[in-house]
């Protein structure tokens, strides 16, 4: 089965991103293909490398990064949502005159078309949100 | 085959479970996750939602049930506990997923 | 892959209090570039998204009600509204905006693609859909 | 003097207005803001909350009412519209503020 | 300013589904450094925060139930639970954790500062408070 | 009247931060003192300088900055909440080994004690959240 996953909430505030991570990991471990994880709304905040969660808590951003490294997962942050919430890569920094970036490795910023495409190409779309 | 409905809201906080049931077709599977697992508790003012929904199969995510201190003997009869692998299987074995947030 | 899928957007949130309604609309607009069959469903407080007369001049927020009116031009064929949700809120379809639709090839025209439906019709529509987007 | 209660949730989505009323003392002021202003609409299934709450004074934030397309003639009788300056005055003229989110 | 204020923390959210319960608790812990009179009120799904038996071993989340048990040592004098909210959820105070309290100066001890109250008592408590924190 | 304001939600996702801004501005314009605006939970995301909202929409971060410049307002981001969500100033970057900062001018990162102190020192605490 080919899956598309949509994440609507940021890390820590809502459990939605935890659920999305555990679901995605379980699907990959069962041998399913995850075509793309698309981060929308506050979900784009999953893609910042600047978090420092408490040592006795899970590291939500790093978990995604490690999963992406292991399974060559496509982690896409919606560009419009990212601009509103201050999620920036090199290209965005240059285009919008920002003096820093905060995107984590393995994440990329792209358009909403990537969500539509994922929904078309995949057998199932699974949405996690508030 | 029918659809899989995911519900992640407490039935005491929002009507997502009520609406998912109301709009679900006969044969639907309804999976309670996150705060949605409170809908699987017996003896509450909301238990009628699940108990009264004949023709639907109810599931609850075990890790979320346990995190909230709901012991298995307090679950409504017929609610089946699944882990994330079981969640994936439900997605595969149904037509599509509707998230009732 | 040339298969045409039936997309259903499930809208259950009021506008303005949160961004979900607006960012959901942005997906629909972008989705027009893809050749899919698109319907929108408004349930619960989602029906408030279509209420006429929104005026954001005093609130410093973008009024996106006019954008809904253009959805017919963005490939949206149906906008369904849950009748029970309307009634609970003391609303009828007269309180909602109208959205026109025209097929540029066949010149088929529809004055208003906003339509109230009951739960049975709703179930049928959801069952027919291939993908459901929730926000 | 009594307290000011702010309610920012639609009464159809969450029970915040119902609870704010239930736990408010006589003489309380209840200010509806954001999606909370839907609680000020007449003719809805939730209008009984405000109409049935005697001894409370209800206010709604005008900019939020207007953004949601609620015309003044659809407001429940007795609900007073205020702007943010009026919000500040309410905070000043009451004992303290309770946010019912 | 040496005035002692009465702080009331209003908790209406279930634990784990959102971070509000946990981050609210962090405020209470930090607040212990200030000499105020602190009470906590649990209403609606907030009562679930105190339910015994939480086990997060399978969910990769931090179990913060033990932290509530220590609140007596952090200057919290009262933890009130709305009786009606408990009943709607099929719970009694037997389902909730107990929290001990001891005054180190007077050696006064209380076995359990968790107490169910009705709406009238609730109103009274809120009226007596100087500051209400909501999360 | 001396006011403390608490903001629990980030920009754009919830209207809470809009309400907090307009309320704070109105209070200042009426001549009241705002002792502090304390940003907690996702509220810390109000303090990033990396946002680029659409040109036809309000700029929530810049509005706070301008209000702070005009009225010498104390805008405090909770450090624990900021660490979880990737809000970083120079000090935090050094302490936690981060290679970039994203805090906006006029905001500062400090402890939760600042919220308690604000509640003690002020005549009223007004909370805006989801």
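Things worth noting here:
We call the chains A, B, C, D, E and F, going by the order they appear; numbering starts again at 1 in every chain.
Throughout what follows, a contact is a pair of C-beta atoms (placed from the backbone, for glycine too) under 8 Å apart; a residue touches a chain by one contact, two chains touch by 3 or more.
Small disclaimer: the values here were computed from a predicted structure and weren't measured.
Chains that touch both subunit E and subunit F are the following: A, D.
Common neighbours of subunit A and subunit C, listed by label, are B, F. Chain centres were defined as the mean of their Cα atoms; on that basis the chain farthest from subunit E turns out to be C.
Two chain pairs, D-F and A-E, are weighed by contacting C-beta pairs, with D-F ahead. In this assembly, A is the chain whose CA centroid lies farthest from the centroid of subunit D. As a whole-number value, the distance joining the C-alpha centres of subunit C and subunit E reads 43 Å.
Here the CA centre of subunit C is 35 Å from the CA centre of subunit F.
Subunit A and subunit F have centres, each the mean of its CA atoms, that are 26 Å apart. For this pair, subunit B with subunit C, the centres built from the Cα atoms lie 27 Å apart. Of all residues in subunit F, those touching 2 or more other chains are 8, 12-13, 15, 22, 41, 54, 57, 80, 125, 127, 129-130, listed in ascending order. Residue positions of subunit C touching 2 or more other chains: 16-19, 44, 59, 61, 131-132, 134-135. Subunit D has residues 8, 12-13, 15, 34-35, 63, 83, 96-97, 99, 101 in contact with two or more other chains.
All chain pairs that count as touching, in label order, are A-B, A-C, A-E, A-F, B-C, B-D, B-E, C-D, C-F, D-E, D-F, E-F. Touching subunit B in their complex are the following residues of subunit E: 14-18, 44-45, 48, 51-59, 61, 63, 65, 87-90. The residues of subunit B lying in touch with subunit C in their complex are 2-3, 15-16, 19, 22-25, 95-101. Residue ranges on subunit F touching subunit A, taken from their complex, read 10-13, 41-42, 45, 48-54, 57, 61, 80, 83-88, 92, 96, 98, 100-102.
Every residue of subunit F that touches subunit C in the complex is listed here, in rising order: 12-15, 18, 22, 54, 56-58, 130. By the touch criterion stated above, subunit C contacts subunit B in their complex at residues 10, 12, 43-44, 119, 122-123, 126-127, 129-132, 134-135.
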